[in-house]
Amino acid sequence: MPIGRLFSGSGREWATPSASRTTGPIEGRRRRFPWLRTRADKVPWIPIFIIVFLLLLPALLADVITVHDPLRGVLADRLTPPAWIEGGSWTYPLGTDKQGRDLLTRIIYGARISLAVASLTILVGASVGTTLGLLAGYFGGWIDRVVSWLIDTFLSLPIVLLALVIVAVIGPSFVTIVTIIAITMWAYFARQVRGDTLAAREAEYVARSKVAGSSAWRILLRHILPNIANTLIVLATLQVGVVILEESSLSFIGAGIPRPNPSWGVMVAGGRDQVLIAWWISLFPGLAILLVVLSLNLLGDWLRDFLDPKMRQRR
Amino acid sequence: MARYILINSVRGVLTILAVSFIVFFLARLTGDPLDVLAPVDMSREDEQALREQWGLDKSLPEQYQSFIINALQGDFGPSFLYPTETAAGIIAGRLPASIRLGLVATVLVVTIGIPLGIFSAVKRGSLADRIAKGLALFGQSVPEFWLAIMLIWLIAVPWNFIPTSGIGSWSSYILPSFVIAIFGIAALLRLFRSAMLETLGSEYIKLARLKGVSEFLVIMKHALKPASIGPLTFFGGVAVRMLTGATVVEIVFSWPGVGLLAFEAANARDFPVVQALALFTATVIVVMNLLVDVTYTFLDPRVRLGQRSLA
Amino acid sequence: MNGTADDGGGASVAGPVLEVKDLVTHLYTRWGITKAVDGVSLQLFPGEMLGIVGESGSGKSMLALSLVRLVPEPAGRILGGQVFLGGRDLLSLSEKQMRKIRGREVSMILQDPQQSLNPVYSVGNQIAEAIRLHDVAVSSREVLERSIAALHSVQVPAPERRLRSFPHQMSGGMKQRVVGAMAISCRPSVLIADEPTTALDVTIQAQYLRLLDEIRKQTSIAIILITHDFGVIAESCDRVAVMYAGRIVEQGPVSDIFDKPEHPYTQALLKARPRLARKAERLPSIEGQPPSLIDLPPGCSFAPRCPVALTSCENQYPPSFEVGDHHVAACWLVEEML
């Protein structure tokens, strides 16, 4: 900007996000207290590192990077402690469980399950939820009433109970757990998208586009969707953590991934009775959940600040 | 106001009906309870008699209809698993344990989460703030079942005066209530922190200071009241959790509440109990949502009823 | 206002009611130290309206906050100078003493009425608080009467009913009146109005300025009016101080400044002033940007944008030269001409 306008904007030095031109440190204030701004420019490398090395890479390369069988163990080596503890060996870096299966191998395969469940449920949940949320927020009227009611209803479902019943009857499986989690997942997306669409509908660019005679579909896809994409990305990131927690909880109580499979929740449950003599069986898979979910939360928070500082904090 | 409550009550009833419908059909379509419950050597006649007694011989819509009609009268039929007791009676018997545990947890959430959130916002950027933020992050990310097991291993067993399972003296409440509370503490801390930061940075706080209001009153009166409106939604969730039991935690600590009951009933395909629990849970959620909505109007003069339906 | 004029300032004393000497306030930002207020001195006399004009970012709001010691912490810090009010240096008071001054002897009106009132308390509650804070003994009936009187004096119709309203039920102009009522409810001797009309509709702006003027005449309160708009100054002020980059570059009676502005910055500001007649044209502007207050040049901070800058301008900051009756300007060119 070569020419600084004298009466720039409203001259509201203290005002919130209205100032869009960034001409200097004082002029360019975007928030109320810029000097207290969270460091949106500081990329959270550690969480990203954890997500890559504890979730993504293990999930993709599980069969390449492991040497042990995740399902069948060596009974003779059962309850081997972690390598750095007396009696441990580097054959089993994190030790073995009561069936002699290598914990590290199972944790690596567990990442695959977590990631698969999370991506599937979020894919389904986000597409259904976004579609319904867009329609409800944009068209309003009876569509909105029906969708809002559906959101309320599905968020009122006793999910754990439902999962327990279904699993008690048809048995646990990958498909059941994905279905159960997806049943409520869409509602979170729909709720967020509906609200954002309501707000975006009033925005100037939409009004302009309407005046220009664009069709509703065009406005939704070309104008509103791109504008709510940021919040969708943030929500999806945060929901990955939520799904991982949900899946492992359900698996823990036997209503998720069926038993011999190395879901992190199943593994924690498997070590529950031995926690006094073989604490590592429960400790490590739980730690994996904690670290991954923690990193996802940090990444999500950062993304929210980075993509849209104005986005309200939920939860 | 009355009109709003009426409309939303109708909506709520529809929600409860829908939940009952989903639970009922999911449960029934997925299998025959007799496969699990009937003894293997049961005679054909006995089985038939049992079927009739439980109404399993009728068509599904008929079963659903009679289920709803009876449910409206609070009658969910006898438990399959414990035929001498009614489903409603079993739930009523288990409820106090869950409520007591939930109350303790709620007290922890409120007395730890809210002050920490306020403090953290007021002392933004300080060491205490960072610790509080760390605690919030931990509480949001930690799997409850794992935390419970780790606490049993690290605390309960070495100091063996803390029981690890069942309900007993006050000390048996320590671990389960803490595990249930940790997520709530984290959530309230975060909510209050961000809400307080927003109000503390507002113009009306500046004006309050300009009027000569003391810093304590600025925080406790001018900033806290507007800031506590948003986090209120969360209390609905806490109450739901309290009344419907934290299944996972109750399982780990063998806590004889409704959460554990859900686990037992589902595994045993005790449909009357499961259905009653499902309706109970949905009702609690619907009622809490309505209560939160109504409470909003008392706290926030800007909100007129109906404006906040899905916030 | 049936005044039991208790504090000084009511009577026409010759001395200034507020005197600022060499005030320095810095902001410690991520990008460096911002010299938001960099050695400002001014005087405010009883019953006068002093305008402070400058571009956004010139430090005028920070100056206002410094006077009441409410610079945003921890970033902002008042580093030096004195602010005399009623014989005391406000900067040397304890926080507790200062709190008694705020609202009672100095009060302030903020820019945005939409955000100045607490949304969850009624108007009556907020006005009553202002009164009670500084007068613990008053009965609730008296508080009520004084609240009504305060609303009455800012010309709010049906004040009794308004007390029960909440901020969201009022228009912006009405809210700003309420803020005004709160500000004068304890009969302070100084009122600082920081862009009080910027957020209001144009038609209401003039009304509000007239209201301030009336309040001043009735109560002989001294008002500092902060604005970026010379039009506002022309309408209501007696004297004006032009601020640029944390300093006052020119100061004098409004008519003098309008007739013969001496500082090139003032001249540019006046030239850039939008006029109704030329509404359709592009808003004129001053060449260049306001400087970053972090790396100020050693000389005159306006020199880089100044069309007539001399070499000496870039080396040393000019002192203030007297160019007329109570009219001073800080510019080397003035010295050349003297």
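Order of writing sets the chain letters: A, B and C. Residues in each chain are counted from 1.
Just so we're on the same page, contacts are C-beta pairs under 8 Å (C-beta built on N, C-alpha and C of every residue); 3 or more make two chains touch, one makes a residue touch a chain.
This is a predicted model, so every value here is computed, not measured.
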Nearest to the mean of all protein Cα atoms is the Cα centre of chain A
Strictly by count of touching C-beta pairs, the top pair is A-B
Rounded to the nearest Å, the gap between Cα centres of subunit A and subunit B is 22
Note: subunit C sits from subunit B at a C-alpha centroid distance in Å of 53
Whole-Å distance, C-alpha centre of subunit A to that of subunit C, is 49
Residue numbers in subunit A touching two or more further chains are 14, 33, 36
Multi-chain contacts in subunit B, i.e. residues touching at least two other chains, fall at 125, 203
Two or more other chains are touched by the subunit C residues 110-112
Given the complex, residues on subunit C that touch subunit B span 68, 70, 74, 99-104, 107-108, 110-112, 115-122, 129-130, 133-134, 166, 168, 179, 182
As the complex stands, subunit B meets subunit A at residues 11, 14-16, 18-19, 22-23, 26-27, 30-31, 36, 124-125, 137-138, 140-147, 149-150, 152-153, 157, 187, 190-191, 194, 201, 203, 244, 247-248, 251-252, 259, 262-263, 266-269, 274, 277-278, 281-282, 285-286, 289, 309-311
So, in the complex, the side of subunit A touching subunit B is made of residues 14, 32-33, 36, 148-149, 151-153, 155-158, 160-162, 164-170, 191, 194-195, 241, 245, 248-249, 252-255, 265, 268-269, 271-272, 275-276, 279, 282-283, 285-286, 289-290, 293-294, 296-298, 313, 315
Interface with subunit C, subunit B side, in the complex: residues 125, 202-204, 206-214, 222, 225-226, 229, 299-302
